[in-house]
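Shared chain: subunit A. Partners: subunit B in the first complex, subunit C in the second.
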Partner chain A sequence: MSAVISVAFQACQIFGIFLIVSLGLSIIYGVLGVMNLAHGELMAIGAYMVAMAVNAGLPLVAGIVLATVLVGLMGLVLDRAIMRRLYRRPTDAIVVTFGISLVVTQAMLLIFGSAQNSLISTPGGEVTVAGASIPTYRLVVTLVGVLAAYGLYALFQRTRLGTNIRAVSSDQDTAGCFGVDTRATFTVAFVLGSALAGLAGALVAPTVSLVPTLGQGFVVYAFVIVVVAGERVFQGTVLASAVYAVLNAVISYQFGSFYGLLALLGVTLVLIRFLPGGFSSLLRRPRVVAAL
Partner chain B sequence: MRRVRSSMSTAVGITTALLLAACGNGSTDAASSSTINIGQLEDQSGNLSLVGLQKYHAAQLAVDHLNAAGGLLGKKINLVAPDTQSDNTKMQQLARELVIKDKVPVIFGAQTSAEREAIRPIIDQYKQLYFYTNQYEGGVCDSNTFTTGAVPEQQVATLIPYLMQHFGKRVYVIAADYNFGHLTSDWVKAITQASGGSIVGQEFVPLTQNEFSSSIARIKAAQPDILIPLLVGNDQSSFFPQWASSGIKNLPMGSTVIVAQGYEHLRFQPPAAANIYVPTNFIKELGDYVPSSKTFVDAFMKKFPNDPYIDEEAESEYDAIMMWAEAVKKAGTTDQAKVKEILAGGISYNSPSGTVTIDPKTHAAVRDIYLAHTTETQAIEFPVMWKAVQPNWLSAVAGCDLTTKPDQTQYTPTAQMPAKVTQELTAIPVVKAGS
Partner chain C sequence: MSVTVARQRQSTHAFWRRAAAGPSPGKSILAVLLCTAGMLIFPYAVSEYQVLVAISFLTFAIVTVSQVLVWGFGGILSFAQAAFFALGAYGYAVIAGNLDETTGPVIALVAAPLVVMVFAGFLGFFIFYGRMGAFLLGIVTLSVSLMLGAFLNQTGDASYHIGKVQLGGYNGINAIPPLLVEGTPASTQVLYFLTAAVLLAGVAGVALFRFHRVGVGIRAIAENPVRAELFGYNVRAYRLSIFMAGAALAAAGGEFYAIWGSYTSPSLVTMQAVTLPVVVAAVAGRDRPIAAMLAALVYSAISVNLASSGASYALIILGVGLVVVMLVAPGGVGGWVAALVNRLVIRIGTRSAESPHTAASQDDVVELGSTPGSGA
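== the complex of A and B ==
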């Protein structure tokens, strides 16, 4: 019994952080059609900012909020400076984001050195149920992930902005014909995606060694999730994250974390072959509300 | 026909010119100029730079000390140390450059066993004198290679019996997933079983992994008495803060690399790196106990005041360079064959951490080993030490004898072999100098 609860706890932990990272990447991919290869670096920047904020005396929560906002602003700067020239060129944009990731990693290396020596510790104790325990902080991260997802859902379904995002990600040209400002929507999507990456990085900061490449492990999972999520940015990503979190937790517990990753990649290959539309094709057809 | 021939001759002409230009540039004839170049291959950037930079600085310190004492054979020593960037391919490329272009009389370096094995074929191809200066999983029996880092006979055969005597018989191993992790794990398994214990679980983790929640869940489920983390690199060190917040207190950990290599006790808040036992040839804190270590530490911190630590590998690097210099003085030349002969004859050197002697049969170092232990507050204490621990599994059991039989192999332990390593290992208490 305690093994089942332990695996359930693992799945929760993984789901929480996967969700935030994947949603950020998914929004950018869905709207701009760009696989943002700098997503891991944005996470790393978020983590470093939280570490600096906490070492300067701010409480952890304030640090996380600050990091999220700042990375979002960084996304805005990147969009204005670079990405706006690439709206109609998604393949070129992928190469450019790769370049951005290289520049950011090396810049962080030059500024901060190869590893931070003073890290912030994980607050809180642990919760124990029937012999299996999970650090309280990890549960909080999962909660934040779920709340962020709910917030995004509300944004997507209930606001004009969200409708525009869904319309542009579904069919860019037709949305433009209906009067949606596609360029502004692109910017908003990129900023939102960046802010989510910053939030993810800020949340993991107390648990990992601060190196410029800390985001890369998470981003591998996020890529895979986005690929199998399909065209429905929100529902597809949430469903894919949940399935993958459970799968990873079960296999990793049984055989080790290496096989957990292997299982995810294997399942992805199978899914791409037999379910090309991804998890989205398992859901009902979306209704796009015309933005009149 | 004429057009083809003229473009062919142009091509030949250009190629020859380029070759001449390349040969003319940058090659330093080490024998005739007024400096001696020595080569070093260490990771000054990337995932492994945490340790690589310490070794690089130790080499610079050694060169400074040698030059301050008048250099070698009347010439100044110059350190040629390109950055291998934690990349095995770069390692190979730069090794070739040092051997072929710079023609250095000696190469020091490589951190991970993967790096060492990547360049050892190049070393052997050119019969280059090479010092491997890192602790590792043991077994290298190579006519051209000398090792000053600690080996399992010195780290695992001392650690496991000590821990099992004090804490229990159930051992769990979590190791980096490459040759070092696997082979050291084999050693831990063999010595554990030979000491009457059992391995209750084992996991190999990719070097880029920084999320350990499932690994930690598996460790808890196995309920070990002792945990042996053999984790390498910046990413894998994330294990410790995650372990600290996982709810288990006071499970003793033992390792051959944690604390003594990546100074986790200074990088993480307690209790992430508390209660860890590491048998090591040297760490910075040894300066409080051994006067020769203190001299070394003071000199290092004077030259590099901003460096966070001096680990076991940095001291091994320093020892290697100083020993090579001794051999060169004895040989009267930097000629590699002659220096190798002197080294293989069993040269001794008074290192910062005690006497280091090269064992002629294995080219490995006989050295004193200190058991370091991190307290609850992650301060360092040294409960016991072992004097002059021999790397004798390689010679006695694996059959390596470089005095009679040239070799270029790495021998690996099977379940039986390390159990036959029975040298008397007496732990003696460590007394603070001046007390």
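== the complex of A and C ==
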């Protein structure tokens, strides 16, 4: 029983991280049409920044905020210097983001070395739920993930900026005709996506061993989540993140990471076959079974 | 100046303009022949060690060309080419390792790509008959590849074996049986020429295929699947076939890699290895097989040299190089070079037609006009 609860909370934590990573990826993909292969590396940068901040004596919360902001700024620099030239060139962007990820990974290897375990401990102690002791930090990560998702939802639905971003992602030319500054919107989207990657990396930093490739495991799932979320980005991403988080937690706990990946693929293939519109179509058409 | 001369000059101009305009079978054949000549001469120009190193470059070029076939022509953004390469290597190792050492390697050489092709057919059936979108296709092929890597990595236990061959987990399979020529392992040169032959056959096939009726259909599908389908093409069957053909070609590259190093390991399917063929093909121009082959060779040479001169900086330089190249030459270096050469051809061609004294330089012109970039 306590094992079940432990896995359930593990799933919650993964859910929080998946949510943040895939929303970041999804914003960049939705607006720029770019498959950002450097997303995992931005996560790693966020994680290292937190570790550095904490080791320098800052409280963890400050470190997380700082990492998020700094990775966002890094996104701004990347956008101004490189990505700006690649809007509407998704193929070239694959190569370029791959190049960026190579550079970042290697630079981090050079600076920090290849085998560095987490330097910061998980804060906050543990709480006991029905006989299972759960690190409080898991709950915090879950909460932050949900809050971040809700904050983004509010941003996209209730603010002018959010409306502009949605307009550009659905039809760039028309949005431009209505006076939306599309290039500025691209920049905002890329910075936002980067900051989210930084936040996700910062949040996982105390729970994983710090290696430059720490983001990759999350990003593979996030790519899948972006796809199966469908056109209603927020609701779809929340549903998909939940499903894959449970899948990841249960399968990885029981059988190891290889079977976790196998399950990821199997479930995705089945989902695509029977739910071509992704999780979004579940929301619109209640009678899914009829559509099979 | 008489009318005849003027007309003659006009027709010469038209010839060079035509020669410079877009791809044609003639240019492709010329370019492939030039590459063939280069590869024939190469082993006699360098040391045996360099030939040995070059074989692994050739195997990487084979995967990259398979990427061009599948992605540039087929319009299928596949991240599975490296996985097929690895499967080809493992397939050869397993089949050859289970048979006797004289006929085994030959049977394995033929059988491994077929096995991989069947696997690709199985995977492709779900992908294409499930009508997956482009982005999704990329994700699925990517996760299949990474999964293969994860699977191979955890086969360290002795219970993971196929027949007599242990899969070996992280360390992979060692001591893979070599190809035998008259009872002794094939020499470096023989292996080089075999690999080069497979590569060139692949390149020629892909380069000329676009002019064939079926190739035209496949390009039509890549450009706009819906339109092609409305014209009566069986889009799914076409895409599945091209995917399988690409898998077989990549697997052939993998076999030669396995023979070359007599080992194979899961490091062939890391995230980086999986994305590399896509990246190199994109740098070269994804629908340019000859440019892709050259880019793969250049890439391999650079990365080997960088690695020997200071491993940690190699990938940084490479990454920066990729970014810069894509910013300077949108759509790939191949197209950029081709445009440059074509302009040059028109310039030189029309000028030499004007003054008959410089006609001798036309030999150079022919060579220029058929540099790989333009023929691809």
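The rule we apply is simple: the second predicted complex is superposed on the first by the 265 of 292 C-alpha atoms of A that agree within 3 Å, B and C clash if a C-alpha of one lies under 4 Å from a C-alpha of the other, contacts with A are read in each partner's own complex, and residues count from 1 in each chain.
Keep in mind that, in the parts below, contacts are C-beta pairs under 8 Å (C-beta built on N, C-alpha and C of every residue); 3 or more make two chains touch, one makes a residue touch a chain.
As the structure is a prediction and not an experimental result, all values here were calculated from the model.
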Which of subunit B and subunit C A:59 touches, first, second, both or neither
neither
Does subunit B (first) or subunit C (second) touch A:3, or do both, or does neither?
first
Check the residue A:151 against both partner chains and state whether it touches subunit B (first), subunit C (second), both, or neither.
neither
First (subunit B), second (subunit C), both or neither touched by A:264:
second
Look at A:208 in the shared chain and tell me whether it touches subunit B only, subunit C only, both, or neither; answer first, second, both or neither.
first
Does subunit B (first) or subunit C (second) touch A:224, or do both, or does neither?
second
Where does A:109 make contact in the superposed view: on subunit B (first), on subunit C (second), on both, or on neither?
both
Quick check for you: in the superposed arrangement, does A:179 touch first (subunit B), second (subunit C), both or neither?
neither
With the two complexes superposed on chain A, say which partner A:82 touches: subunit B (first), subunit C (second), both, or neither.
second
Note: overlapping subunit A surface for subunit B and subunit C spans 109, 213, 216, 256-258, 261
Across the complex, what residues on subunit A touch subunit B?
2-3, 6-7, 9-10, 13-14, 109, 114-122, 124-126, 128, 132-133, 135, 137-138, 206-209, 211, 213-214, 216-218, 248-249, 252-253, 256-258, 260-261
In the complex with subunit C, residue positions of subunit A that touch it:
29, 35, 37, 82, 85-86, 89, 91-92, 94-96, 98-103, 105-107, 109-110, 213, 216, 220, 223-224, 227, 256-258, 261-262, 264-265, 268-269, 272-273, 276
Can you check the complex and tell me which residues of subunit B touch subunit A?
45-47, 49-50, 53, 177, 203-206, 208-215, 217-218, 220-221, 234-235, 237-238, 241-242, 244-247, 266-269, 272, 308
Subunit A contact footprint on subunit C (complex, rising order):
126, 130-132, 135-136, 138-140, 142-144, 146-147, 150-151, 153-154, 271-272, 275, 278-279, 282-283, 286, 312-316, 318-323, 326-327, 330-331
